[in-house]
Amino acid sequence: MSMKKIGVLTSGGDAPGMNAAVRAVARTALTSGMEVLGIRRGYQGLLSGDVFEMDLRSVSDIIHHGGTMLYTARSKEYNTPEGVQKAADMCRKLGIEGVVVIGGDGSFRGARDLTGAGIPCVCIPGTIDNDVASSEYTVGFDTAMNTAVDMVDRLRDTTESHDRCSVVEVMGRRCGDLALLVGIAVGATVILVPEVPFDFQKDIIDRMQFTQKTGKKHFIIVVAEGVGGVTELAHKIEESTGIETRATVLGHVQRGGSPTLRDRVVASEMGYKAVKLLESGRSNRVIVVREGKVVDLDITEALAMKRPFNKELYDIALKISI
Amino acid sequence: MSMKKIGVLTSGGDAPGMNAAVRAVARTALTSGMEVLGIRRGYQGLLSGDVFEMDLRSVSDIIHHGGTMLYTARSKEYNTPEGVQKAADMCRKLGIEGVVVIGGDGSFRGARDLTGAGIPCVCIPGTIDNDVASSEYTVGFDTAMNTAVDMVDRLRDTTESHDRCSVVEVMGRRCGDLALLVGIAVGATVILVPEVPFDFQKDIIDRMQFTQKTGKKHFIIVVAEGVGGVTELAHKIEESTGIETRATVLGHVQRGGSPTLRDRVVASEMGYKAVKLLESGRSNRVIVVREGKVVDLDITEALAMKRPFNKELYDIALKISI
Amino acid sequence: MSMKKIGVLTSGGDAPGMNAAVRAVARTALTSGMEVLGIRRGYQGLLSGDVFEMDLRSVSDIIHHGGTMLYTARSKEYNTPEGVQKAADMCRKLGIEGVVVIGGDGSFRGARDLTGAGIPCVCIPGTIDNDVASSEYTVGFDTAMNTAVDMVDRLRDTTESHDRCSVVEVMGRRCGDLALLVGIAVGATVILVPEVPFDFQKDIIDRMQFTQKTGKKHFIIVVAEGVGGVTELAHKIEESTGIETRATVLGHVQRGGSPTLRDRVVASEMGYKAVKLLESGRSNRVIVVREGKVVDLDITEALAMKRPFNKELYDIALKISI
Amino acid sequence: MSMKKIGVLTSGGDAPGMNAAVRAVARTALTSGMEVLGIRRGYQGLLSGDVFEMDLRSVSDIIHHGGTMLYTARSKEYNTPEGVQKAADMCRKLGIEGVVVIGGDGSFRGARDLTGAGIPCVCIPGTIDNDVASSEYTVGFDTAMNTAVDMVDRLRDTTESHDRCSVVEVMGRRCGDLALLVGIAVGATVILVPEVPFDFQKDIIDRMQFTQKTGKKHFIIVVAEGVGGVTELAHKIEESTGIETRATVLGHVQRGGSPTLRDRVVASEMGYKAVKLLESGRSNRVIVVREGKVVDLDITEALAMKRPFNKELYDIALKISI
């Protein structure tokens, strides 16, 4: 027999497109005859029973808004066996028979635990970092990248007018995907990511000086947050090359903004499929993109995966940004 | 033995990201030791020998520009056996041993013919319509969709303020992909595409009236160019529902603008791989996206393919935009 | 003695920045100790008593949204002496002692009549057309112009890639301001406005052919809605010059979108000053921009004014877009 | 007798709209029968004779580009009497009879000196900071403000999703105009500018806590560069209020980007009028906006002016952002 009532929450850092996922979850459940509770502020809100009944219009006119209408928060209490038990009890008290969790790997672990405590969960990867090992794509990644590109395109104007070098730190603590793709898109002379070690002289200075000889006078260097140190790097580059060099940290601006089409569409498809899984009695699953398609995996298997860095694309970047 | 000199041209309608492809072609060829000629205005320019020598800096600071720095044009003369022969002769005269052609299916047929006349060609799909049968993705599609979404998001403001219905025609003569994805992204109540027949009363009026009963007061209807007739449709909807209804044709604005990250990155990877194919002696190939990866196919086989419409996603759209 | 309760409404076509004005009105009144009623759907909503009590948080997070949170509508009933009387009675019933009206000249006439029926009104000019005679600036104008510029910048890419001419219709039925400023901003070779008669051969064809001789190959022609006829014009230009020419009507997209800084700031200052006027016992006033400053005028005097077209700037445009 | 040849240069920090000014200068001079030399990299380029002849097409398709096509640089050498003399000699050698200088107060002093050395100059205020005392408006200001607003609107999404406080540093070393207007436009609870001293407890904490009591859960605080110290400020606010608080420095991204309509139009009008002044034999003038109109002043008088901060608008901001 199908579920009568499900909950939906967003957890971890917010990401543009989360609202599209929430909307698809709510609409799919409602048109499939289930009730839907919106859970505010992630697992923390679940613990305190901070929920509201959603109808078809609760999610009107939100698909184009950044952030998450359900808010998000971290919860220390939930990160304990007692917390998980309490959350499961709250679900039972509220009549929640299944939960769709939108977030990153940390949120998936929470969902696995809640499933273990008897409340079936299905996850949707939502994080701007694209750092979910099991999925080629996470909701929010495209928007964050395009925001970064837009900002670096602006920097380029002033960098070019002054014959300067700009060293730009973009998001990505453990995962260099965002830096790699943004670096390609802005034509960065150098791209530094956590996955590839670099040699200051060979990989930065020599490359700059090679292109300088071909006539290039302004330079953009994209650095992932996980590499960091852009202020010192800018200083060292200016010292080594004599080219005026400035550091910029793009920061949290990259987290917001109206989601791109891709984030809205992927989130919509994932939200629909998450509910359909719950409806069909599946549980402990995560919706992912594999080989360009939206499919699903077991959460525990997904969490055990290791995401390979696209070294082939990185090498292509080096060849064309010269 | 590897090629010494290649040419690159853009053909058919322009698409954002074509410059990124040209840039990747030029840089890859030059760093692989080949010479590169930029051919202006497609096959027409090839016939008249309108070419220029490219160096590493010829393609500086163009990755973020819409349109095509090589210009594009239609050519009646090239569409004859004599024209193709003349173009091949011109290649030989100019020392062009291979050509990278960026465009749609029509441009691919031109490339197949030129290959047949002795000049190896490799193609890159570049068209905002995503109407290349052999590839899941064409350069320019993402930018065009996001432009359309941005425009409809603006329309939504005034549509909502006035409790109106907006009927919006988007690009897509034979292919409903753009209408489908834009329709999902803007939360359109109805999406009309050439691939799916529709019943005015059931698929439009009944849907509108159902959502109206749930409290919805403003409506967006997305119609592919290939369905057309938005002015009459708007008139009929206003008559049937009493809701003030306006038609808008987004038009050629969708063709331009700074390319999105996705178009820049896909174009860059495709440009690189196109040259590598020529370099390795392959010919009559088209670079495509299959299962989310950039691979290559024989042009003749690619042209024989039929692109399936994503009916599953269309049905999901109907369920969540309610 | 000061007013205890005021109302605020938006009327006529919506314009980006109206929300910023509503917000400033509500906050200023509330922090000055008054109550505020939001009146939905303009004079029509006032007639039916469709109002809601506003508090400081009612207008949170709306300053960046296009459209109007109060909705807008036309009202035939209000356009009669009986309608005005009924609206004034409704104000008295609801305890509304003064009303801030945001809209264009038509809305100002409504406010003058309501003042005449005993309910003091103050107006704020909000219309994307800048067609309010008494004010150098109307809320929404800057956003609409920048949207049009963004769209024409995109058109330029494809126009340039194909060596074409684009004839673009922009908003402005009676007032050529938007066409003039957009025309300057996009470098249009020709700008047609209702205020300046033109000769097809001399003002269009001769100018195009002069610049063609200097090397120009693509052209943008901006036409105000009040001149119209862009499809026929495009056809005639193509016939006369042999240059491929396309017509585009930007349409209602120009009405929406997140307001620019200028619209948000001017609307905020106007909203504040409107309430301060009511508070100080003034009535039948309209807030306007004169000589770059936000001041106020008598509505009746304001409605009698005739707005001069900036012919000097038009002549400058002709000299630099060549 | 009129001038035969003029030069044009951009100096100091680049600003969006400078290209529109250069374009208007070149076109106006050329259509008035003068020759025009583009001088690269400001006074430094003038000293070394780094110039090029401009024609009508030299400035095609640049009006929508950020930065400056003439590049800009600082020059120590020019800042000496010998440098000025050498620059004047170079003008005579190149046949330059007058120069249009686009930049800020520092650039105006250079123009005054060059005029003193016998080369008539006219200036155009171009700086994103709006810190030119004599003009209500400087070219680039509107673009920089809208860029900042767009970035803070994005920050708002994540700030709201997490119930946080964001402390944002915007441009403006000596001049709080940008912070004030951006602060109003984003609805900042607190705005800190160099012109107005503030008390941490009363002006920040008390205001935040007052609005918190009315239901507000997320906060934006805009700080001018000239006030600075956002990291420490964020730390202190978090300590005092318990609200999670993050600092962001928007940085050089604010300097670039396609100019807004306002910057393109004001720059165009100023460029035209600068040449007309030179043509009519006037010299040592600066084009400014006064009372909303584009007029001109003597440079020396202009440099002696002191710009008043708009305290009235600042007080309005405090009343409506609550």
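In this document, chain identifiers A, B, C and D correspond to the written order of the chains, with residue numbering beginning at 1 in each.
The criterion applied here is as follows: a contact is a pair of C-beta atoms (placed from the backbone, for glycine too) under 8 Å apart; a residue touches a chain by one contact, two chains touch by 3 or more.
Heads up on the chains, UniProt names are A, B, C, D = ATP-dependent 6-phosphofructokinase.
The structure presented is a predicted model; accordingly, all values stated were derived computationally and were not measured.
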Are the two sides of the subunit B and subunit C contact the same residues or different ones, given that same means over half of the numbers occur on both copies?
-> same
What chain lies farthest away from subunit C once each centre is taken as the mean of the Cα atoms?
-> A
Which whole number of Å gives the spacing of the CA centres of subunit C and subunit D?
-> 27
Centroid spacing, where centroids are CA-atom means, of subunit B and subunit C in whole angstrom = 36
Measure off the straight-line distance from the CA centroid of subunit A to the CA centroid of subunit C, and report it in whole Å.
-> 39
For subunit A, residues contacting two or more additional chains = 153, 156, 160
Got a list of which chains touch which?
-> A-B, A-D, B-C, C-D
Can you check the complex and tell me which residues of subunit B touch subunit A?
-> 23-24, 27-28, 31, 55-57, 60-61, 63-64, 136, 142, 145-146, 149, 153, 156, 160, 181-182, 184-187, 211, 214-216, 258, 260-262, 264-265, 268-269, 271-272, 289, 291-293, 313, 316-317, 319-322
Going by the contact rule at the top, pick out the subunit C residues touching subunit B in the complex.
-> 10, 13-14, 16, 41, 65-68, 71-73, 147, 151, 153-158, 160-163, 166, 246, 248-257
